[in-house]
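The structures considered in this document are given below.
One chain, chain A, appears in both complexes that follow, with chain B as partner in the first and chain C in the second.
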Partner chain A sequence: MKGQYAALLAAAAALLVLPLGLTDFWIFIAIEVLAFALYAVSFNVLLGYGGMLSFGHAAFFGVGGYTAALVARQSAVAPELAFACLPVIAMLVSAAAALVIGFFAVRRSGIYFAMLTFAFQMLLYTIALKATPLTGGDDGLTGLKPPGALAQPLPYYYFALLMAGAGLYVLHCVVNSPFGYMLRALRASALRVQHLGVNVRAHRLAAFVVSGAFAGLAGAIFALSNGNIFPGWLDWTASATPVVMAVLGGTASFLGPALGAAVYVVLEVLISGRTEYWPLAMGVIIVILILLMPEGLTGLWRVARRAGIRAAPLPTREAR
Partner chain B sequence: MQSPVVLARQTLAGVSNGMLLFLISAGLSLIFGVLRILNFAHGALFMFGALIAVSIAGMIPDPLAGFAAALAGGAAGLALLGGAIESGLLRRVYRAPHEMQLLLTFALVFILGDAAKLIWGREEHSISMPQMLAGSARAFGLVFPLYRLFLIAAGMVVAAGLWLMLYRTRWGIFIRAATMDREMLAALGVNTRRLFTAVFMLGAALAGLGGALAAPVVAVGPGLHVQVLIDGFVVVVIGGLGSVLGAFVASLLVGLVNAFGVLAFPGLAVVLTFACMAIVLVVRPRGLLGTAE
Partner chain C sequence: MSGPILRVESLVKRFGGLHALSGVDLAVEEGEFRAIIGPNGAGKSTFFNALTGLLRPNSGRITFEGRDITGEPPHRVARRGVARTFQITSVFPDLSALENVQVALLAHARRSWSLWPQARTLGTARARELLALVGLATSAAKPAGALAHGDQKRLELAIALAGKPRLLLLDEPTAGMAAQERLETIRLVHRIARELGLSCVFTEHDMTVVFAVATRITVLHQGRVLAEGTPAEVRARPEVQQVYLGEAA
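And then the complex of A and B:
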């Protein structure tokens, strides 16, 4: 455990000094990494801990983003005050969306849960596209920026770091609380947990709402850095993004998805800068990932450790 | 109140689009029922069928022969592509968790989508329908485009063929048994490996045939697969995953809801189909004709 704290402190120190050596462009990318790291970890609280595959998590990232955009564009109160309340508002609105969607979705499990969440994300996508007075329709909402000094990349980076760090800390507390252990038990055997007298649906719904709230916070952080938000954030291709990040990093560890998010975002910048066929490249990367390293980057050292004993099998559904 | 002319036209459009939806959703449903994999790439397979049809129709000067060859080529080409995908990729993840299976078919969407752009370019193509199907028929004082009637007939033929295959042949028994209990079927000595490949090839061929049939009435280009996939998903959820009959009923339903939704709420037809799906999921979560999980 001592070693883990040391590693964590070193990582935090590195994140604090990192942007000082970066150009503005790469600071933007670093902010994107922070937002997507929180997004991927919030998604993995459902998948890695609760065994719930949400294939519509972009819905909450998008709701958080649109909420942030609307708050940033309003003119009723001072921008500074609005901005101070923004993280809380974004989380509350996303949590409300997750409560409504989750109410229907947690009735089913497995692939049916995935399809339901996917369907609701598509519904929100259509709303984002058609509710032009609110969302700007196809054109989206543009020209967003945080007030005052935070409009500069470097201060905003530290704001994003603070928000993502706080979010990750809270999520870490959640998964290591009794509630978090209940989630692990649900993943192992929902039937058994139910027979112990636990309200399975309520636990699933609570996890869904918490996860959705932090995905919304991540969306809000990214929207104001990005400056624009479009319905594309809720498009069907967006639903795979957190899944790819989580699997890339490894769903079995808490911070694995954050690592996956960093690698994914940097790969996207590097590859899409060179070719317009980024989707093709990503498709090939996903196929390689699934066939050759299904436990993700953080799983590599576990695989290496037991390589002497036996070849690493694909994790089976039974084993989860 | 709409005039009878408009009602008849929209009914015809709804039913014929429903038949195209059936060709997609039947394969999607069969593949889910037997392989237990939700194939996100099914829309892309449909698009490939349409693109192959465009290429073949462009190579043969005689329109009627070209059209027939395009249909056959779309279906056969996709059967081959489906066989390659199943034996090369999907076979490796049958025992893997859901997210791996979903991501794999999702990756295929990206790969096939970009491959289509590399092979056929970014512009939209179309093929002309053969002369004998290009006109329209008159009955009861109304005008019906012949190609729409042809689509309905083709859908009916495929549906009847599928029914005969599923309920009157040995392979059909295997397929129905596999949707109930794959392990038991394998334990009884059936080569499920070959069955899975065959079912995926069949599903892909149906999608390819659907794409080829749709080629004269849609803009064939990048992006075609998206709406097709979403509609296909809505259909199988409403009809019940794994049920071909459910896919048939739900296809007609969604086709008609789309056709009349455009009249009643222009621009919001998509919301209407999603609303249908939400209602079905709340009232009857397994779908109209699906069996329990």
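And then the complex of A and C:
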């Protein structure tokens, strides 16, 4: 427990000083990592804890991004005020989208749940593509800029760090709360949980809404850093991204998907700078990593423990 | 309270053309330890599933403590004080034994929606008591999936007891156990039910187990009640011997 706090403090300190040594380009990449870390962890609240594989999570990332863009472009209220309310608005709109989609999706499980989320996300993609007056159609919404000093990479990095950090903290509380325990139990046996007097469908829906809201916050952080949002962020490939990140980092660990996001984003930058065939190289690397580490990066220490490679006694599940 | 704790009247459940239950009547008095026996396919599991709301009966009526619970969803039935265990053991394998019981306690305390405080320390004292009650005190920290089969069955019993039920429905509580362990397990259930003042209905294939503890026995055959009575009465009925006891012997 103490060791975990120390590690967490060290990580927080590292994230605070990290951008001071980086060029603007890499600060931009660091912001992307923060946004995708939150996106991947919010996705994994469903997969790793609730046992629900959403294959349409880009719906909420995209809705959050588009909402942020629309709020940033409006001219009714002062940009500073609009920006201050933006995270909350993006989360509320994404949560509303998740409530509607989830209402139908949580009635099914497994592959049917995945297909329903996928279908709804493609529906939103089509809307983003066709509702040109609102969404800019194929061209998307461009020229987005946070107000004042936040338009600079370094201040925006700290803003993104604050938002992603707060988001991760809230999600961490959720998965360790009594509600979070119900989710973990649900993943193992919805039937058993039902017979303990718990309304399974309502709990699944609540988890879906929470997950969608924070995916939306991630989308908002990302859109304003990028300066634009395109329908592509509502496309199915954007839904596959958090799946890969979560599996790469390890779905059994809370921060695993965040680590997966960091590795994924940095790999993508490094490889795409060297070859135009970078998706091919990424694919090969990810296949190899997942084959070598079936429990993800964070699963390595569990594998090591099972193999008997342990320097000092590790805390039991109970003590954690 | 007067009258039976559980009353079932002309319960019918059809799956397409198959009559899984064709008019089952049953009354369980408070404090009873009722065995439901019958050959495979007699409708025992369907009966349990209909009682607990997992299956909606086509007709008939189920009353628990005088209240009509026919057609209520499983979580409502559970909240009224009806707990059940499953024929195929149903614990949460990747949670520890302690966490398994904690989940059940939290559900019973209507805290399944709580986001605060963290669940790790909630209900641990009571959860440990329940684990001790079923003889799993030393296995609290083990993942439930790593427990031996019999221990998982006992863990499921602890989970069921966490909800402070007044009626316990056990679907083959000794399935998959060796003969000696079967007897020990059913005697444990019997002792706990007595101590806590629970009524209990269980299905069972092993006649030694049934006759060891049952106060009354209901024989289901082809979706109907073939016979009912005390163990001695049921044992004496020729038609029971023919369809069931004869087959088992």
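Operating definition for what follows: the second predicted complex is superposed on the first by the 304 of 320 C-alpha atoms of A that agree within 3 Å, B and C clash if a C-alpha of one lies under 4 Å from a C-alpha of the other, contacts with A are read in each partner's own complex, and residues count from 1 in each chain.
In this section, contacts are C-beta pairs under 8 Å (C-beta built on N, C-alpha and C of every residue); 3 or more make two chains touch, one makes a residue touch a chain.
Bear in mind the structure is a predicted one, so any value in this text is a computation, not a measurement.
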What is the contact status of A:181 with respect to chain B (first) and chain C (second): first, second, both, or neither? second
Comparing the two partners chain B and chain C, which touches a greater set of residues in chain A: B
Applying the touch criterion given at the start, work out whether A:302 contacts chain B, chain C, both or neither, answering first, second, both or neither. neither
Give one of first, second, both or neither to describe whether A:114 is in contact with chain B, with chain C, with both, or with none. first
Contacts of A:200 with chain B and chain C, given as first, second, both or neither: second
Could you look at A:122 and tell me whether it touches chain B, chain C, both or neither (first, second, both, neither)? first
What is the shared patch of chain A, the residues that chain B and chain C both contact? 316-317
Chain B partner contacts - residues on chain A that touch it in the complex: 47, 53, 55, 104, 107-108, 110-112, 114-116, 118-119, 122-123, 126-127, 130, 236-237, 240, 243-244, 246-247, 251, 277, 279-280, 282-284, 286-287, 289-291, 294, 314-317, 320
Could you pull out which chain C residues touch chain A in their complex? 52, 54, 73-76, 78-79, 83-84, 86, 90-96, 98-100, 102-104, 106-108, 111-120, 122, 140-141, 143, 159, 162-163
Chain A residues within the chain C interface of the complex: 173-174, 176-182, 184-185, 188-189, 191-200, 203, 206, 316-318
Can you list the chain B residues touching chain A in their complex? 36, 38, 89, 92-93, 95-100, 102-104, 106-111, 113-115, 117-118, 226, 229-230, 233-234, 237, 241, 267-268, 270-271, 274, 277-278, 281-282, 285, 293
